[in-house]
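Once you scroll down, you'll see the structures, which are given as structure tokens.
Below, subunit A partners subunit B and then partners subunit C, in two separate complexes.
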Partner chain A sequence: MINPTEYLPKSYHTRISTYWWLTRWAYLKFILREASSVFVAWIVVLTLLQIRALTDGPAEYAELQKWLQSPLLLALNAVSFFFVVFHAVTWFNLAPKAMAIRVRGKRLPGLAIAAPNYVAWAAISAAVAWILLRG
Partner chain B sequence: MNKRSNEPFLWMLFSAGGVVSAMLMPVHLFLFGLAFPLGWLDAPSQERLLAIVRHPVTRAYLLVLCSLPLFHWAHRFRFTLYDGLQIKHLNELINIFCYGGAVLGTALAAYLLWSIP
Partner chain C sequence: MANRITLEVTRYHPAHDEKPRLEAYEVPLRKEWVVLDALNYIKDHLDGSLSFRWSCRMGVCGSCGMTVNGVPKLTCATFLSDYAPGPVRVEPMKNFPVLRDLIVDTSDFLLKLAKSKPWIIRKVEKPLDEEYFQTPTQLDAYKQFSMCINCMLCYAACQVYGLDPLFSGPAAIALAQRYNLDSRDQGAGERLDILSHHEGIWGCTFVGECTKVCPNNVDPAGAIQQYKLTATMEWVKSFVLPRGAK
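Moving on to the complex of A and B:
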């Protein structure tokens, strides 16, 4: 007997190329933004390595610092820095779209929501740098 | 009754991790990954850094700095594989890898921070 379902049309699905995100700048930007998460994970790994070396003692810590001076690690960290700043900027610029704050019935302009993020970013970065660099 | 989705909770972790990564990671990476190794700025000594890290507030701060961004990574990486590479058939495996990794990373961070002398 013929199985009738065999002859039913499959639901219509256009095949999308695996590289669809290369076809447009906006798509590429989206994928780059998502890819920044990999570098965020790397920074966590780096932080954990630092904490471990710090606990292990001066010799272990010095060794890790030497490793961080190798061209490969410097290149990786330069690329990671680019991506994490890209993440920060796209994140802050997205904040006004995620939060629709209304004041006296009128929607607050995007800049009024994004700007405090940038101010906080600068202040926090300065505070962290100050703690690490003083004395 | 439908099982309640845990997607909102995961999204909240993603979002909190996004804020933490954006606000804190650039300065940390700039100093420890570039400025100190390249000698642009004088790095704090191991002794002084250990004294800073030993403080309970710093330990809590570092736990947040390590944990939330991992959940941020898990969420984004999962959808990059899902949308970007369209490997939807491996969805469950990917979820276990991503969120499992974030949970393990958090546990490891807690352990390391706890065992600082």
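Moving on to the complex of A and C:
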């Protein structure tokens, strides 16, 4: 039996729509950021496939390259590239939130934490580009 | 500037209504008026049965949180003229059960707040005639999180809390972190046991809206991510260090 002295008001409970993430740009950006992980995983699989083809020999690598030139794969990789960049940028921008580093009692500004990430990204990309493009 | 503006206000009477409905009221549009002034005008001049919470009128008490045009706001700090020519939609805070009109049931938040032990925990108390000294630098470490006024706008903005009511939520975790970072406190271990689980810090997916709506710049999203980092370090330490060395 319900205790008659207990305060049990009737109340109205709202339900969040399944499509809540379409109601605001900030929410959609969050969902895109989370979904970008799928494309990051695809790039990892692709890299593993490339390494396997490389170790198998020139014929296998040429075959993989031919497969990668199909319109479907080109489109998938173009979309994946966009999402991987989006993933990296949003990750670097959020990093200062998670890291409260104090130097001589003062908290480092967000830029001081995000900037080294960007610099490292640019330096590693430049190094990879140099290795691949030097001929 | 037109001298009147329309407010669309949620009305819900638990005894008569199946679900909330909107009712429109026309109120004077004055430059110095905030949404709360308009609600008080409605209560005083148009419909005395309109129910809403408010107290200090200056962003200190955290009672007048509502949804204004879809965004969680303190109505005492939200100017009507920013919404001209209107209409302005005023609804109760999202993610909480509505008791009547613009009043929500906040019991769930209060239970969660108490669970995160937002007070100073000491293993050994000093005698009453001794003080706990704190330098300005030590104060600065937690001051931002201590600015929370329990207005619950962060809960209204949090989609994780909306979808999973078991989630501890932004303010309760930010306040736990406020005491964890306090040099006088020794209860970080106790709080970690309570908050380092799926319904605690790990439930947060970092949408970041809690920080955007916070009227006092507390940054609960930042507090949760920093807490995640601390919890991970403690987890690593429990493997690396011998038992009891934490």
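Definition applied: the second predicted complex is superposed on the first by the 120 of 135 C-alpha atoms of A that agree within 3 Å, B and C clash if a C-alpha of one lies under 4 Å from a C-alpha of the other, contacts with A are read in each partner's own complex, and residues count from 1 in each chain.
Just so it is clear, contacts are C-beta pairs under 8 Å (C-beta built on N, C-alpha and C of every residue); 3 or more make two chains touch, one makes a residue touch a chain.
Worth saying up front: this structure is predicted, and the values here are computed from it rather than measured.
Engineer: Classify the contacts of A:26 with the two partner chains as first (subunit B alone), second (subunit C alone), both, or neither.
Structural biologist: second
Engineer: If you count the residues of subunit A that each partner touches, which comes out higher, subunit B or subunit C?
Structural biologist: Touching more residues of subunit A than the other partner does is B.
Engineer: Report for A:111: first if it touches subunit B alone, second if subunit C alone, otherwise both or neither.
Structural biologist: neither
Engineer: So in the superposed three-chain picture, is A:16 touching just subunit B, just subunit C, both, or none of them (first/second/both/neither)?
Structural biologist: A:16: touches subunit B and subunit C.
Engineer: In the superposed arrangement, does A:34 touch subunit B (first), subunit C (second), both or neither?
Structural biologist: Both partners, subunit B and subunit C.
Engineer: Just checking: does A:65 make contact with subunit B only, subunit C only, both, or neither of them? Give me first, second, both or neither.
Structural biologist: first
Engineer: Check whether A:119 is in contact with subunit B, with subunit C, with both or with neither, and answer first, second, both or neither.
Structural biologist: neither
Engineer: Is A:101 in contact with subunit B, with subunit C, with both, or with neither (first, second, both, neither)?
Structural biologist: Neither partner.
Engineer: Hey, what residues of subunit A end up touching subunit B and subunit C alike?
Structural biologist: Touching subunit B in the first complex and subunit C in the second, residues 16, 21, 34 of subunit A appear in both lists.
Engineer: For subunit A, which residues count as touching subunit B in their complex?
Structural biologist: Counting only subunit A, the residues touching subunit B are 16, 18, 21, 31, 34-38, 40-41, 43-44, 46-48, 50-52, 54-55, 57-58, 61-62, 65, 68-69, 73-74, 77-78, 80-81, 84-85, 87-88, 91-92, 117, 120-121, 124-125, 128-129, 131-133, 135.
Engineer: Touching subunit A in the complex: which residues of subunit B?
Structural biologist: 17-19, 21-34, 36-38, 41-44, 46-50, 52-53, 62, 65-66, 69-70, 72-73, 75-77, 79-80, 84-86, 105, 108-109, 112-113, 115-117
Engineer: Provide the residue numbers of subunit A that touch subunit C in the complex, in ascending order.
Structural biologist: Result: residues 9-14, 16, 20-21, 23-24, 26-27, 30, 34, 94, 97-100, 102, 105-106 of subunit A touch subunit C.
Engineer: Help me check something: in the complex, which residues belonging to subunit C touch subunit A?
Structural biologist: Touching subunit A from subunit C are residues 12, 14-15, 17, 19-20, 70, 94-95, 97-99, 105, 136-137, 140-141, 159, 162-163, 205-209, 212, 219, 221-222, 225-226, 228-229.
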